[in-house]
Amino acid sequence: MTQLPPPKALIDDAVARALAEDLGLAGDITSAACIPASAHSRAVIAARRGGVVCGVDFAVAAFAQLDPRIDVAIRAPDGAAVASGALVLEIEGPTRGILGGERVALNFLCHLSGIATATAALVAAAAGTGARIACTRKTTPGLRAFEKHAVACGGGSSHRFGLFDAVMVKDNHIAACGGDVAAAVRQARAAIGHLIKVEVEIDRLDQLDPAIAAGADVILLDNMSVADLAAAVKQTGGRAILEASGNVTVDSVAAIARTGVDVISSGWITHSAPILDLGLDFVHG
Amino acid sequence: MTQLPPPKALIDDAVARALAEDLGLAGDITSAACIPASAHSRAVIAARRGGVVCGVDFAVAAFAQLDPRIDVAIRAPDGAAVASGALVLEIEGPTRGILGGERVALNFLCHLSGIATATAALVAAAAGTGARIACTRKTTPGLRAFEKHAVACGGGSSHRFGLFDAVMVKDNHIAACGGDVAAAVRQARAAIGHLIKVEVEIDRLDQLDPAIAAGADVILLDNMSVADLAAAVKQTGGRAILEASGNVTVDSVAAIARTGVDVISSGWITHSAPILDLGLDFVHG
Amino acid sequence: MTQLPPPKALIDDAVARALAEDLGLAGDITSAACIPASAHSRAVIAARRGGVVCGVDFAVAAFAQLDPRIDVAIRAPDGAAVASGALVLEIEGPTRGILGGERVALNFLCHLSGIATATAALVAAAAGTGARIACTRKTTPGLRAFEKHAVACGGGSSHRFGLFDAVMVKDNHIAACGGDVAAAVRQARAAIGHLIKVEVEIDRLDQLDPAIAAGADVILLDNMSVADLAAAVKQTGGRAILEASGNVTVDSVAAIARTGVDVISSGWITHSAPILDLGLDFVHG
Amino acid sequence: MTQLPPPKALIDDAVARALAEDLGLAGDITSAACIPASAHSRAVIAARRGGVVCGVDFAVAAFAQLDPRIDVAIRAPDGAAVASGALVLEIEGPTRGILGGERVALNFLCHLSGIATATAALVAAAAGTGARIACTRKTTPGLRAFEKHAVACGGGSSHRFGLFDAVMVKDNHIAACGGDVAAAVRQARAAIGHLIKVEVEIDRLDQLDPAIAAGADVILLDNMSVADLAAAVKQTGGRAILEASGNVTVDSVAAIARTGVDVISSGWITHSAPILDLGLDFVHG
Amino acid sequence: MTQLPPPKALIDDAVARALAEDLGLAGDITSAACIPASAHSRAVIAARRGGVVCGVDFAVAAFAQLDPRIDVAIRAPDGAAVASGALVLEIEGPTRGILGGERVALNFLCHLSGIATATAALVAAAAGTGARIACTRKTTPGLRAFEKHAVACGGGSSHRFGLFDAVMVKDNHIAACGGDVAAAVRQARAAIGHLIKVEVEIDRLDQLDPAIAAGADVILLDNMSVADLAAAVKQTGGRAILEASGNVTVDSVAAIARTGVDVISSGWITHSAPILDLGLDFVHG
Amino acid sequence: MTQLPPPKALIDDAVARALAEDLGLAGDITSAACIPASAHSRAVIAARRGGVVCGVDFAVAAFAQLDPRIDVAIRAPDGAAVASGALVLEIEGPTRGILGGERVALNFLCHLSGIATATAALVAAAAGTGARIACTRKTTPGLRAFEKHAVACGGGSSHRFGLFDAVMVKDNHIAACGGDVAAAVRQARAAIGHLIKVEVEIDRLDQLDPAIAAGADVILLDNMSVADLAAAVKQTGGRAILEASGNVTVDSVAAIARTGVDVISSGWITHSAPILDLGLDFVHG
């Protein structure tokens, strides 16, 4: 999977927004009161538990925006699997800046690493099959690009990014086109550009052949049993990409993957993954 | 607890940002292809599981920004405890707008209701004691104001908002002031305005009296045992507000609360609460 | 073709930016000096030459932003083919607002209608064949979404929107993958999500079969002769979408279209189309 | 003519906006898939046809924003007349960044150089007379400052920038002031600051003397014949600046210029100039 | 003088920024705690001392942005001279919104009315002469457009708005052009557009004729004695506009005005005028 | 007092906004016309009168944003008391950039130094007492963070920053809570977080004890006589912080301070302080 981080301008903007939220208009009043402007420190950010790292560029940006004299060395890059205790970043520079950026840096790192770690768990469970684990549009508002990158870091794959880059025909669209899966797919196909794919969601196996015949590139098999998924794979015979969704957990994913579907999509990895705990410690002496 | 939603301008801005993320520059190409511009629908957003609702203003704003002709009626306001299946919003208007705003509305509602629900679980477990459940600065970047509101909806309380509105003296600040808790508190007190409170973090009971004597308004008791917390309460005798943090779970919170501390703070309710599942269904006939 | 206008927030933002550019910080000083605040007028925007209209939503937004009391009635919507002299908009309201918004409204209308009109000329020339006319990424900076909408209004089709929504493998990518078209396509295919299409640019017919075999969804035939295009169509036999580009003019497009290619792309319609002349006239009596 | 580029902050902002439009939230997925992060290249941007260059600062900014390690050397600065094939920029650095910025850099360069080239054609045709070629407010929305700079690069002159920096009294203003040219000019003059000029548009020679007597600084002679323009020049005798507009083409401009008018304004150079074709080529070996 | 308020978009933006500054991310926590959401009030904003009103559009916008249900009636519009105690605005609506917007509304009104009042004092002192009172670029950062409007409300006139809309040749420019006033004026004149005026600053009477001969539209007589100003007026004989600056106070301005200069410019009215005290009172019963 | 400057991002943003206001879209047309791009100068910014400096970071940012080749050396930092004629900044670099940034740099410096100087006058008058001088929310819209920093530079203290960071119970809140000071304070206390202070405004001494008993942290004694203030101090006996406001001038402040109140707040230092005059001079030879 590609693990290209999002465009730097997006990262810088998100970090600036988060720093503004934490610093307000008055800044870090505790450090201003207690820490001399000339104080200088070394610190590390380390994993408190094992997982997959994501978000180091955000941490780097947070410290750089606060004080460009802070040096940050990356010890575990995005996508690295780390054990509990492993170093992720080494930081050195003015103490006020390190303290001022600590929470913002950690909030990004912990959140994104949590998603990467959850994704990696599903990927590991599906290992040995040909199935990809993909995320959905069920992301935290404002953070979609970053969370999709975290999914990639965990070994997952992307889905359409938003409403704009692929067609997904669901029940309401089908109803609006007269209730006919094939008609809806054909109508969508005719309306869109030649570089856009069409996916259609079905919940019965008898919809599969009409959807493929109408030119669907991808079929979403929603909440089907493992037996039905396997039947769909057999019936399709490679004529379209098959995606399974619904009730995807670390426990269920292997069975789903063994049916032969191409893609398994999960909302949980972006909307409900717990953070990966990382912390910052000052290094003395 | 006050459940005042964040300033409307902040909500409108966050929703606009989320819609931009989902619509891109080309918009909802599926609906454009399949749904006539004149189509009109009714839909509901309902809880798929029981919990505490938060985020209805975001959903209202999402539909209003997409198409001001969409009417939204609130059936369960922010802060309402709902059972599985309960109606939260009723929506009526142009179908394209309802489909275009569905995911953004749900992403806000599910995320914030998840936090409110997690908070409510801790609050319920601490019921009957005088302890408040408070959140921390461990929030999702860019969403702090909204997540703090969600905590209030769940019956929780706020902490300082950021680095700017209260002093929190931690070990690194104490070290920078010569290693003396009392000196650090006094230095902070002298430097700040008369409307700012000073909290100091201690991890040993012998630091308690010097901190209070130096004028700390609030003492953070970090990762102390229940026995030590109870001892701290007794030793303080109401001279300062006591806050406990560390290892706060639904299972542990009652015992902590019974020690008599004033505030129990939890990062989990904002950084790792799973979503509350809500969904949108079209209403036919 | 879908003629969905871009998201309203994008239109409002672009109009606000254009008004700011024209009004500066001091506003319309001529009208302030010469026109009483109470003056009220009626005006029309009409085509000075025949063509296809695009941009009425921008004109509506321009007057609305300046003064919400201005009423605008649309007489020729986006996509309408109009003759010289045809009414496009009727406007009534405070004179200062009409004069203040006139130039911004016309600058959008004339520019976008120019693109729609140029596109329509190519579409008409290719009529009767199955070939679509598509635009490229050679757009005016900051206006891509609007120019792609103008192309749709002229009957044209879109291409990928940007670097993010489809893969386009060109010579430099092929070189970086070892000089082998098939290897580059396979590498791209493996790296991207299941809802992204892969196009590859070739300039020799012997690259066609390897590209298709490697799984390219679309083949860009760059600057090929009409004879080679026809040979490519025959050789492909429907296994991939074929796109022709290079030297596409109103004169050449029919011959290209008759080769049987699926798509003909043109940069000229977005980067060099002259405006369609429209003007605003006050209506007296 | 002054060829000062627009303020750097404006250029940086326009480039950032254009890059965002092209990169979206996912970035250049083709290069991510096919080009190693460590790849390094040299490339040139050269003119495919002769013309006048404008926009090099935008190209420099585009590459710098994507990757500050990219070095760009300017071989033909803004305002330089170049022959077909001439080098404009030499670029060296990470391949991904060069590919990612190529289209944005070229879109600015081609658009602005097209305007500079069109302007230079009119300027050349009017050479030897005292007439300046000036642009108007008929510019591409959002790009006015840049297009006016392009006009300067082509040897042209500016007009008022917007509604805010000069008074332009037209027929509707005259009508609102009672139908009297002189009254309208006097009213404007009284209302505005001492550093603002007043121009008035007339379409009959008998309006000339009253306009001058009322204190107009500049007289716009709209759509007058060459004979009437010459008569106006004679009648004015240097008491005001005379500007001709309407039907200005490369063919007609010399005759207009020879009448002795001071300024000839053209909308065509900003609203309908075709691009100057420039391209980027990788340099191998 | 024209008293056109700045473009509405600028006012809305400045008010939104000021509200954000005052409300932060948590809003008006006092009203949230003490005032029921359903409370409804009437209030007035009145002058605590006599002066000239400016800024009512900002107050209207502040309340509207907080709660569109608040009605505001303007009793004294921008430019009105009011006595102590006079009503300026009547306000009715939800109490929380009135309290939340009170300070922002007053901060704009008091600041801008202070400038209008100070200007009116200079204008009154110069009454009966032909001299205009003009402001300068010595304005509060970010508020220039609004402060220039306040000057107009006080009967004053504007100067150039910024560095972009008029040429002002000062000693450093003259030095850079070889130390010769006339050469500098000619160089500027040749470089700029035909709708831009040229002003030159001189401090000796012998520079006057060369400046006029070189084509200066306006001559700034800096820090000259009243006698020298009178001599300059006589020597100029109407060939250029004369502007006096330096040591302009309510006491000195009449003597300066009687010299016959056209314009007297003052930095004090924008950079040091004290506020006009206005206050908000709730109306009971 | 802490003299920490506001977060750098805020300063950069305010300076960018001010430069945009002054440069518009066309830039410094005088320097473009008269000053060669290669010209290089040295200049100083010096105080024209004695006072306290504030705003050097804004001046540094203004020159850096215009041209990073400009070097600025700080000779008098924020908070320094300077005599008339004292150097504040030494500047060296491209002449165009120095001229282009001069006015913006001075506008910030003069405004903020004026506030610092006014504050220092009150602080000096209250010297020898324990009373702090504090500012209020009566600040210039958009500049609050900077003006509060200027107050700190003058030796003053801050108040709550906005409506969000402390509770201030005034007469309208008391009325809404049933007219009872104590009830209002208790209601506020119960509603807010444990790190927020509660201040209540009283105007009669009999309100003092109930307010303290209800848990008010700070009591605002509004417009009380010196005798009443002294009585309040005695009556309070250190149980709460006492703040005096109303009619605070350089003449009255000493008497107020001697009553023993803890804090004296003044709107005048932020809303009506005259600028401190500073100027820029080029250094020749």
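Order of writing sets the chain letters: A, B, C, D, E and F. Residues in each chain are counted from 1.
Convention: a residue touches a chain if its C-beta (ideal position, glycine included) is under 8 Å from a C-beta of that chain, and two chains touch if they have at least 3 such contacts.
Nothing here was measured: the structure is a model prediction, and the numbers come from that model.
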Neighbouring chains common to chain A and chain D, by label: B, C, E, F
Between D-F and B-D, the pair joined by more C-beta contacts: D-F
Repeat of the A-F interface, chosen from A-B, A-D or B-F (over half of contact pairs identical by residue number): A-D
Centroid spacing, where centroids are CA-atom means, of chain C and chain D in whole angstrom: 22
Chain centre separation (chain D, chain E; CA means) in Å: 33
Distance from chain E to chain A - Cα centre to Cα centre, in angstrom: 52
Chain centre separation in whole Å, for chain C relative to chain B (CA means): 45
Shared interface positions of chain D, touching two or more other chains: 2, 21, 23-27, 29, 32-33, 144-145, 158, 161, 164-165, 191-192, 196
Residues on chain A engaged by chain D in the complex (per definition of touch): 2, 4, 6-10, 144-145, 148, 158, 161
List of chain B residues in touch with chain A within their complex: 14-15, 17-18, 21-36, 39, 41, 58, 95, 99-100, 103-104, 106-108, 110-111, 114, 137-145, 161-165, 167-170, 172-174, 176-177, 184, 187-188, 190-192, 196, 271-272, 274-275, 282
Of all residues in chain C, those that touch chain A in their complex: 1-2, 132, 134, 157-161, 164-166, 191-197, 199, 217-218, 241, 243, 262-263
In the complex, chain B residues that touch chain D: 21, 24-25
Residue ranges of chain B in contact with chain C within the complex: 16, 19-20, 23-27, 29, 32-33, 65-66
